[in-house]
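Here the chain labels run A, B, C and D in written order, and each chain numbers its own residues starting at 1.
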Amino acid sequence: MAFGRYLIKRGVLLLITLVLAVYVSVIIANFGGFIDEILKGQIAFAVRTSLRADPDYAALPDDVQEEIFRVRFEGMVEARGLNEPFLPKTIRYTIDALQLKLGRAIVLTDAAGSDQIADIILERLPRTLILFFTADIIAAAFGIWLGMKMAHRAMSPMDRGLTVLSITTFVIPPWVFGIYFILIFGYGLRIFPPGGFLTTPPPTDPWLYTADFMYHLALPLGTVVFAIFGSWAYTTRNLVLQVMDEDFVMAGRAKGLSEGAVQRKYVLRAASPPIVTALALTLVGSWFGAIITETVFNWPGIGLLYFQAIQVFDAPIIIGLIAVYAVLLVATVFVLDLTYGLLDPRVRATRGA
Amino acid sequence: MAAPPALGIVATLKDAFRTVPGIVGGGMLVALLAMVVIVPIYAPFDVVSTWGDVSAWVDNPRLAGPEWSDIFVPGTLPRTITIQPEDFRKTKVVSETFGITTIVLRSTFDFSADYFPGELTFRLFTTFKDITPLVSVQLERPDGETVELLRTTPENQAPTANSYPFSQTITVPETLRNIRAWATSNFNATDVAFPKPEVTLFAEGGEDMLDPHRARLMRGEYGIRVIAVAFDSEDNIDGRFLVFGRVFGLAGTDHLRRDLLTGILWGAPVALAFGTVAALIVILTQTVFGAISGWYGGRTDEAVQRASDFFLIIPILPILILISIFYRPSIWAILFVVVAFSLVGGTSKVIRSIVLQVKQEQYVESATSYGASKIRILFKHIFPRVMPYTFALIALAVPAYIFLEASLAFLGLGDPVLPTWGSLLGTAYNNNAMFNGFWWWIALPSAGIIFATVAFALLGYSFDKVLNPRLREQ
Amino acid sequence: MAILELEHLNFHYRTLRGAVRAVDDISFEVEKGHTLAIVGESGCGKTSTAAAILRLLPKNVARYDGIVRLDGKNVMELSDEEFRKTVRWQGISMVFQGAMNALNPTARVGKQVAEPLQIHFDAEKEEAMARASESLRSVGLPEYVERSYPHELSGGMKQRVVIAMALILRPGLVILDEPTSALDVMTQTNIINLLKRLKKEEELSYIFITHDLALASELADEVGIMYAGQIREIGPSEYVYPSPKHPYTKALLKSVPILRSSESPISIPGVPPDLIESPFACRFHPRCSVSFEECGWSAQEFADILERLRASGEDGGVRWGEAEVEDDLTLVLKPEDGMDPVTYRKALEEAFHEQEESTRAFKAVTKVEVRDGGVAVTLHEATTPYMIGEAHRAACLLLRKGGEKDG
Amino acid sequence: MGEPLVSLTGLTKWFEIGGGMFRRPLHVRAVDDVSLVIQRGETLALVGESGSGKTTLGRTILRLLEPTDGEIQFAGKIVTHLKDKDLKWLRRKAQMIPQDPYSSLNPTYPVNKALEEPLVIHGLGNRQERWERILTALDSVHLTPPEFFAHKYPHMLSGGQRQRVVVARAMILDPEFIVADEPVSMLDASVKVSILRILKEIQENLGVGFLHITHDLATAHHFAERIGIMYAGKLVEMGPHESLLTEPLHPYTQALIEAIPDPDPENRFRERPALPGEPPSLVNPPAGCRFHPRCPIAREGLCDVEEPLLRELRPGHFVACHLAE
């Protein structure tokens, strides 16, 4: 099938892009051997600490001490491949990053105390996905509904007001609203917890646990929804307005379809491919926004992890997360291509050809 | 996909500024620009360069709200009262025999606000030869009482000040003892665990005067007297007495006593400069690449398309954060990185699709048929058609870049020198401003960001309205 | 018996520039089994008439009234919901202009054709699909079309799909809005043949909307000529084609290049009018070659004409200055080069008279008199034409009894 | 008759589609081996259905498209493969009038700027001279007074007026040859004829040669000296307009004429003979005569095997059909 071939082609191109993007990130992160220096420093510190703990060692003369230190240190540097030339080293990092085989984190651990990068990231990832996917779905559903209402009463005071509101909310990122909402609902009215994802200690009963989780989820979720529903509403409104005058919509109405059915089956259906395209970017944006939004809400997803990793220079985690981000983006773009093709039969044919 | 606009740039601008959002957004932008002009006069750049210098701000109250917070409470909140060295009446008596010199400084001030002051600080400047003079600082109250705040031997030579703060958090222990003793003996006051000097000293005498929650304010004329006994005739003292208010200026102060107005005002040019320059460069470059890609087609198109896929997938914000934390770049270096990672992207895709539509229009082919070269058509016929769109995209991109800078600054990764809206917010956030109710510290800088972004969003919207005839008609 | 009767149907909508009088007091009827062709140039309100009949109104509608009787019943009195359920597609269906856009690009053709059955009769899906494929076959389409998407079909095939869709509920009346104007000649002929056949076999009534007089004759039992939102002439084809009554119809017939005749076509001067600022009284008068004083010149229109003639130097040697409009029928001219008003008046009068043949507006001048250092020009009062005649009616002042004044 | 203005020999234009990394590209044979001549001061109408290649032919002659094969001679000069920079000469002598008056003017240019651009490109005249040429050109398309129209933007003009501006723009360089691609198909009946008359005037007064591309045989009949009929990328018949219409030699031309109605109330009582089916795919055209699958008189073993060549059956009247006599 033509569309299948198209998807394969797209997929291959996106994979190549993904590898390139991670490679570029690795190079940037390691510009001038910055990370290597940090890693070496950490190794030196670890070696020295372990040697100091040994009373026999302290008894040795200084130059011997130094020699032993040097040998151990270089052995570990060698073992971690820090002395490799630039190109093979960066390539190895890239391959490792893409497999999340980055070994141990320097400082951070997961809840169970594991310092394996994969463990740490995979523990956090679902929380980010839950928050932002749910928010995107709610915002999309609400935004599309509102956008259709607005288009239906285009240029009425309601439409104008909501349009300005939509535009304003979507240029202002979630974290700014987050600060305000925490101020108002968290500290002022004390309706929601101002941060975190569970109370400490977390409830043990699974129902209570879920309820507690939901209770903590509510405010960040509401904030993200509030910040992004506007772009759905405004985009939907404009696209629906464009489609609404098309002949086939008129034909649907002439056939005797009720107004609601015309809107659903004809207008929204036809406007959906561009809506999906325009708003895949919202999703992409919210992956990035996660870093600050999660920090503000103290929501322990990969965004907050990134922030924490940065503050303690936990380089392997940083690289791993950049790889995860790149994968998320690629997946989003690919899903977008797929959805676009499924929604618009014309694309299936023309893009495939 | 948007239809290519049929208007020129001038006509678009004219029409856009005729719509209500255009007028409002334009007005807001003009206000911002006016601010950019006024700011260097109000607070020259050297004020800003002292932003990080704590000692430059010591005479401001700490964590004071803006002066107009009065409107939220009954009565007036106290302003800062400063008694400068020259305000003191100085009498100097030199004893011939022992060379003992007695210096007395006295001054009065009127305290008429409806709330207790925030803090009290006395700064003493002394010049002495061998032996440090003995100094006693006393407060005279309207009810005729005099309280000795402090008896000390100041170590520092002028111009370095000897600073004596009297307030709940940082009080010379002796002062607190003096006040307690005075209040309990003279007024039978009930002692409490944490009395506040700034409250008790300004409270009506009585049993509650040591309890910060129950003490009643006493208005009237207060006096401050400093008596120094020095041991050389050349010795001298000067003082500065500060009764810190609870409000300061138009925007209040932060935990380091910095005037937030300076920060907020300087945030405007910084945000505008960063946002506008980034948006202009990024969108214009992307427009050019998009137009070239659409117009020339073929391999050029393919190359630009693949490149924009690549740039779309690069996780730019994480990388920017990475760069910021490793290299601590200035705001202009950040700008450079932003531009470098956005040479092609979403905008080039939009512009490309518009160019592909314009390309179909027959006047383009006609132009070829009467001899116009490809490059001429690109510049004379295609660009004028996409430029209004570019304008709209620029207007809508400015907020995005303002927020990008703010986000980095919020995380503490912004420009190390300049105060920006984002960095103000970040500091406020990290100092728990929300929890402690320092609302102005959060609300005012974010109001600045929101004001600027809304201005551009409205402008972008007004362009959109003009360029999308379906939104305009009816 | 008439299947459809319109009486004084009005449909206006608002725009930023003003109200568009797209359908302005239109009355006509369509007999059962007959075809009424509505012919007019673009923007004359043909398509709006169809929309008004089916109540497919935009949001910015300013006026919508009159009587629409379907099978003798005034459907204007029905609520929107009743109208949707009983009139749309069941009573009147429509073949939209440009089949390319009349089909939903995201749904398979068979489903779209079957849809009306499901809407109106709650038909089971299988049954509806069976009826749809039958209907598609009856308009000469192969079986695979059912499962195709619109973009996979040629223009001619799509047009057949649209026709099958319009006929699926066997409505009494089908409105055909330019059903073939986007198609090639050969395809057009095939579609028209199909429509002829269906009309005969199913005893269908059509309203055939087109800009093409020649094509209209392929189906029309009656022809209505529309100009600027109004029907200006209507009657049986046998009368209208050979002996048109309205000057516009005459001019339109002469402007069509005819394949089997060597007589050269003649264009109509001027431009088709705007539905927002339509000319006064008879809307055709500015382009009419036989117009006379009563046809509807207003002072403003006259002033514009003077201005245009002045700018192109066709003022007969009299330098008439700028005109000042006083009221609907009076305007004042001031001499430009210090000429005394009396001489000026005389010169003007002569110039006007001389140009009466080339610029018919001058025929409307009734008085030229000296006033306030200038010359006041008064125009003849206008009379709005109304439909005259029985079976073959037209709206032109020249058709009044003894009204043949000129040409 | 002297040297012809335009002369095409075996002109062919194929478009490549669907090429990719793993697939061989296909070709759309839009124009296939067309030869014809156009004299100075004559109008040749090219009639055909959409997709018959007539528009591609027009564009290829003007070198807006690169020909795949064959030769184009313009005023004695071979221009088939001239490079872009050498084409300026042709760009001055040959112009085109496109179909859609709404998109053939740059909406951001006022009329005078639109008309001035060709003069500026070819470096003709100073400001004042150019202004005068603009006024003359507007006058020649009856946009009077010219000063009034010179400063208008396209959106202030009606369709007919725009098309006149387009004609004026094509005329402003004093060209010798104009390709008019459906110049009136989007205009109203009452306005159509006036534009065609202006074109006729220009042809007669200035001796410009026209290639008038149209789908409307009736228009061609009234405004062209000769008519060529195209079908599926091929020229199937060409001749003087009268003989072609009264005595069509090709079965396709005959069917085309049959299909066109004149205004006649009797029409509704009879069905018009029309060809079944649709024009063939140009990617994979039928062997032999491309018309044979739809031809009512096609002869098996001849028409589906051998490709008919254009033959002169009557003086100046050519046809590409094995069976025409």
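Structural remarks
Note that in this section a contact is a pair of C-beta atoms (placed from the backbone, for glycine too) under 8 Å apart; a residue touches a chain by one contact, two chains touch by 3 or more.
These numbers come from a predicted model, not from an experiment.
Taking A-C and A-B together, the chain pair joined by more C-beta contacts is A-B. Of all chains present, the one whose mean CA position sits nearest the global mean of protein CA atoms is A.
Distance from the chain A centre to the chain C centre is 58 Å, each centre being the mean of its Cα atoms.
Chain B and chain C have CA centres that are 66 Å apart.
Centre-to-centre, using mean CA coordinates, chain A is 30 Å away from chain B.
Chain A and chain D have CA centres that are 57 Å apart. Annotation for chain D: no residues touch 2 or more other chains. Looking at chain B, one finds that residues 474 touch two or more other chains. Those residues of chain C in touch with two or more other chains are numbered 59.
Only residues 153-154, 246-248, 250-258, 261, 265-266, 269-270, 343-346, 349 of chain A touch chain C when the two sit together in their complex. Taken together, the chain D residues at the contact with chain B in this complex read 59, 62, 64, 84, 87-88, 91-92, 94-96, 98-100, 103-108, 117-118, 121-122, 155, 166, 169-170, 173.
Put simply, chain C touches chain D in their complex at residues 35, 41-42, 154, 156, 184-190, 192-193, 196-197, 211-221, 236-238, 240-242, 251-253, 255-261, 264-269, 271-272, 287, 308, 311-313.
Within the complex formed with chain C, the chain D residues making contact are 49-50, 144-145, 147-148, 158-161, 188-194, 197, 215-219, 221-223, 245, 255-257, 259-265, 267-268, 271-272, 274-276, 278.
Within the complex, the chain A residues that touch chain B are 13-14, 17-18, 20-21, 24-25, 28-29, 31, 34, 154-155, 160, 163-164, 167-168, 171-173, 175-176, 179-180, 182-183, 186-187, 194, 238, 241-242, 245, 274, 281, 284, 287-288, 291-292, 295-296, 306-307, 310, 313, 318, 321-322, 325-326, 329-330, 333.
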